[in-house]
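In what comes next, chain A is part of two complexes: it sits with chain B in the first one and with chain C in the second one.
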Partner chain A sequence: MYSRALPYLLILPSLFLAAVVIFWPVYDLVQISTHDVSRFGQLRDFIGLANFAALADDPDFMAALWRTGLWTLSVVAGALVLSIPVAMILNSDFYGRSVARVIILLPWAVSLTMTAVVWRWALNGESGMLNSALMGLGIIDQNIQWLASASTAFPMQVLIGVLVTVPFTVTIFLGGLSSIPDDLYEAAALEGASGWQQFRTITLPLLKPFINIAIVLNMIYVFNSFPIIWVMTQGGPANSTDILVTYLYKLAFRVGKLGEASAVSLVMFAILLVFTMIYVRLAMREREA
Partner chain B sequence: MKLARWTAGLLAGLSMLAMAAQAYAGEVRVTVAEYSSKTGPYFEEVKKEFEAANPGTTLKFEVVPWDVLLQKLTTDITAGTNADLSIIGTRWLIDFVQQGVAEPLDEYMTPDFKGRFIETFLSPSIMEGKTYGLPIAASARAMYYNKELFEKAGIANPPSTWTELQEDARKIKAAGAFGYGIQGKEIETDVYYYYAMWSFGTEILNKDGSSGLSTPGALEAAKLYKSMIDEGLTQPGVTSMNREDVMALFKQGKVGMMITAPFMMNQIKEEAPSLKYGVAAIPAGPTGARGTYGVTDSIIMFKNSKNKEEAWKLLDFLFSTEQRAKFTQNEGLLPVNKEEAKMDYYTKDAGLAAFTALLPEARFAPVIPGWEEIAQITSDAVQKIYLGQGEPEATLKDAAAKANGVLKK
Partner chain C sequence: MRKSKLVRSVIAWLLLSPLIVLTLFPFAVMFLTAVKPRPEVLSPTWWPSEFRWSNFAEMWVATGFGRALLNSLYVSVLATVGAIIVAIPAAYAMSRFRFAGYGAMRQFLLISQMISSIVLVLGLFRLIAAWGLIESTTAVGVVYMAFNVAFNVWMLQSYFDTIPRDLEEAAWMEGAGRWLTLRKVFLPLCLPAIAVTAIFTFINAWNEFIIALTILRSQENYTLPIQVFALVAGRYTVEWHHVMAAALLATLPVAVLFAWLQRYLVRGLALGAVK
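Right after this comes the complex of A and B.
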């Protein structure tokens, strides 16, 4: 009896912390999202799921939902594809490797907002660096208005998203690569395996758990990423680059619909919960293996 | 934990943090908007002077950038940790009044105090017969034009109608610059469109209280701007330029004409002193109608303030002619104080005189709940039109329907 209660007693403090940090705010959000609420957060009548229904009817919300999916998938996939070769190069032995590693990882230390601000300047149509560089190289003969429409703004935002996600992903992969013993490659080389064959049959399978973790962690992180899109276009023009977080911010603090905004954040919470569950399962399987 | 911090903590976390801030007796906390880099130092000086004159009272100013001001106030009020006084956009005032957050100031105001203000600027802060805010800042819009570009293009006088403006823009384009700068991004994108709309005789709200966006005047204005964009008479990439971007182009001498606030005169003085420019009225429409956008920001007292007497003393101090002149001239705003308006600084300056001359035609943002949402709907609609993603007529009709939905609530 005593010994059965002990584990629960031991996790009680962290459970309490989790309750304060997670459960209480979520409870609060559920309260706000199911009530008619003033712009300063005073709850009025209970209105059930009306806020969620209003969202489902809002084409801007649905568009933002799909765009969030596209944004998350393309940034995570792009970062993954770019990070594997970068990590492999940084893992191989060459002169000045530690300097190269620092250069790749340094952008991680710069605040995301600052990165986005710099890019906003660089993409300015009339005085931006990118246009003058392209002009100087003779690639374009007329300024491109990068941020004027979603067709150019959103791909640029995805590209920047990829660039800022690479350092973190490379770090994970470097850890994975250093855990692969060198003698596997030596044996394979002795049997006459080509570089591509070594990559496919040794590197990729052994790196798989790390790739999984990178995917899930990046998914959560990119899904919630606010600064890049907010600083560059504020989700505009005409909501055409909105993702859920930017849409939520506008809904809550511009328009003052705290009820609907809370509903959006619950939807986001639900989506992320699924990802977290996948993450926990991956981590468990990792430990069993 | 990271997960919850991002999604759920947005609203709740802030309120927890704010619990720590408690009001002390004799302390007056004021949330002030940051108009420019001079705002903070100005209020530092106010603190020194006021505290010296009123021993026992301490002042605490929180200087907040405009972009996040409404968000800060929303979270503060939700958590009950708001300051005693705050500067707000007068267009938000109705929400504060309806929620019972703002304290009516009439019982503190002597007739003498009330007499200090210019009527046009005080009236937007009066609701249901009660004064809920005092105009701490006032501004209007007028047209700036680049005299050098005008000379180069062979134009003698600034345009007085939109047709003339279009002609002049063509000439300036031929001379190798952008004719008319149009703002198409972020705050006041809708207002930049109203300048044309008012000239075509349409108001933001029709007489019956419905949205004016579906009227012929609104369509004319949208078509005018769209045709100028298509003809290349504006700067390229309209929807990527916010107000500051267009102002930067004007200061660089790349744009012939643009409409903006008086504070650009201060900026030109500091950043581009050699720029030759003039200030003129906003062009009129076919019937001679025209309108400029008038803005006031109000300073309000919160109902839950514990130090109302001291807070009022501070307001009395802030609205003395001397303090007003210092603040207004620092920030490049218009005088709200009658005595102040008589100063040479305002009457002898051609640019400022042009602004004050427009005041009788100033429109203020309508005092309706949900105004921010209607502004957002309008901005989205005009962006779609500028981009060519929607036919002007259908897009405006759609926006009017949405706006009417908000108005009915």
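Right after this comes the complex of A and C.
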């Protein structure tokens, strides 16, 4: 009897903690989003899906939704394209490899807030060090006001997003590459396969499960990423760099439209659940294979 | 037939150099701005005329860095210790017992790992406000703890699974009870994994932004990321050399810790993610 109950007793504290801090807020968000709610959070009448309908009619929300898609796809794709060759180089044997590894993984340890603050300064129009570096190199001949319009601010934010996503992605690929036995390459080289052929027929197929997992996990992280955009532009100018998370934060804590903010939360929650289900599928298929 | 290692090294470094430059760029900006004399900060030159180390001491006083540092330490230690204490029994149960809810628990952990605090921030704010804990660094620490439990259980279980049961069974044969075996045989073996997991929780908590931004509203409760952000956001004049000095000081300890430990993480993730 005692030992039957034991495993449940052991997992109870973690279950309890997660339930209070994760599931209670989800329940609360469902309540707020389906009720008329005052600016101070008092629930009034049940209004069904009116808050969701209001979102669908809100051009800023729709723009943020599309921009979130663009943001997520470009950062994830950029990080993927960059990380495969970088991981392959880091997996090969060369002098100073461990130093190179530490440097490339380093952004992972730095808070996104700090990274974004530094870039906000580096991109400063008059005194920013990016402008002075580019001018010194003769690439531009006058200062660019990077953060003053979305057409320059958003691509820079994507670039920074890619840079901070690379370390995690490279780490996953390094794990994958180290599981590929060397004799496969030796055999292929004996058969006269070129480097590109080896990459296409050995590396890529064997790396594929790791690529899939990196894509799904990165989609989740990037989709949720708040500090880069918030610190650099707060979604501005005029909501033109907002993604869902920053728009949600504004709705909830600036404008005080709690009902619509919780509706945004739940939309995001649903999208995340889909990502998670894809991840579970991939992880399960991986185990069966 | 194979190229010499020297040639390969040169090629590898050349190929990596654009990424390395981009990665080190923010660190260079941080450092060079932090040591510039104040009049030079706004002039767009790279190299300072002299290295003004006293900027750091000045910044420490002017920005209330010490208090933010203490808040960050408190919140991160609370989250780390709490998460590990809660996660060890759970990971042990999942690694060593067969029980009915096992699959459900794995799914639950996975889902709670996917949900980020930003999605729930409004609900969390209301939860904490309902308990009258706005401004409480303890509440922030507990929220970090809860969000890190899933990662902790996941990492620890994947490590516990690699420890052969024979060791524990041998101890049982000698007449040691489950608790004694756990304390004298099992946990000492797991110490490295526990340490690595704890340190990564610490780094997560140290760097967290959105919960702290939402819950901590007055300066004496700010953690470091919020303190540094507050020096920049909504100010007419920004003392950039102070901001960069603060960012550098807040970043350096965790960066060093990370550089030292990253290969353990690579191994742990490889065990956890693909198994």
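In this text, the second predicted complex is superposed on the first by the 266 of 289 C-alpha atoms of A that agree within 3 Å, B and C clash if a C-alpha of one lies under 4 Å from a C-alpha of the other, contacts with A are read in each partner's own complex, and residues count from 1 in each chain.
The rule is short, and it goes like this: contacts are C-beta pairs under 8 Å (C-beta built on N, C-alpha and C of every residue); 3 or more make two chains touch, one makes a residue touch a chain.
A quick note: this is a predicted structure, and the numbers were derived from the prediction, not measured.
> Would you sort A:Ile278 into first (chain B), second (chain C), both or neither based on which partner it touches?
A:Ile278 sits against neither chain B nor chain C.
> In the superposed arrangement, does A:Gln42 touch chain B (first), chain C (second), both or neither?
Touch partner of A:Gln42: chain B, not chain C.
> Which partner reaches more residues of chain A, chain B or chain C?
More residues of chain A are touched by C.
> What is the contact status of A:Phe253 with respect to chain B (first) and chain C (second): first, second, both, or neither?
Touch status of A:Phe253: both partners.
> Between chain B (first) and chain C (second), which does A:Ala63 come into contact with in this model arrangement: first, second, both, or neither?
Once the two structures are laid over each other on A, A:Ala63 reaches no partner at all.
> For A:Leu184 in the superposed arrangement: first (chain B), second (chain C), both or neither?
In the superposition, A:Leu184 contacts neither chain B nor chain C.
> After superposition on the shared chain, which partner residues are touched by A:Gly236: those of chain B (first), chain C (second), both, or neither?
first
> Determine, under the contact definition given at the top, whether A:Ser262 touches first (chain B), second (chain C), both, or neither.
After superposing on A, A:Ser262 lies in contact with both chain B and chain C.
> Return first, second, both or neither, reflecting whether A:Ile32 touches chain B, chain C, both chains, or no partner chain.
It touches chain B and chain C both.
> Output check: A:Val86 vs chain B and chain C. Expected answer is one of first, second, both, neither. What do you get?
second
> Considering each complex separately, which residues of chain A are in contact with chain B in the first and with chain C in the second?
Residues 18, 21-22, 24-26, 28-29, 32, 41, 126-127, 220, 224, 234, 248, 252-253, 258, 262, 265, 268-269, 272-273, 276 of chain A touch both chain B and chain C.
> Per the contact definition, I'd like the list of chain C residues that touch chain A in the complex.
Within the complex, chain C contacts chain A at residues 5-6, 8-9, 12-13, 15-16, 19-20, 22-26, 28-30, 32-33, 41-46, 86-87, 89-90, 92-94, 97, 99, 101, 105, 107-108, 110-112, 114-116, 118-127, 129, 142-143, 145-147, 149-150, 153, 203, 206-210, 214, 224-225, 228-229, 232-233, 240, 243-244, 247, 250-251, 254-255, 257-259, 262, 265-266, 269-270, 273-275.
> Once bound in the complex, which stretches of chain A touch chain C?
6-8, 10-11, 13-15, 17-18, 20-22, 24-29, 32, 41, 82, 85-86, 89-90, 92-97, 100-115, 117-122, 126-129, 131-133, 136, 163, 166, 171-172, 174-176, 178, 209-210, 213, 217, 220, 224, 226-227, 230-231, 234, 245, 248-249, 252-253, 258, 261-262, 265, 268-269, 272-273, 275-276, 279-280, 286-287
> Provide the residue numbers of chain B that touch chain A in the complex, in ascending order.
1-13, 70-71, 74, 77-78, 95, 99, 101, 184-186, 235-241, 245, 248-249, 252, 254, 370, 372-373, 376, 379-381, 383-384, 386-387, 389
> Hey, which residues of chain A end up touching chain B in the complex?
Of all residues in chain A, those touching chain B are 18, 21-22, 24-26, 28-29, 32, 38-42, 124-127, 143, 145-149, 153, 220, 224, 233-234, 236-240, 248, 250, 252-258, 262, 265-266, 268-269, 272-273, 276.
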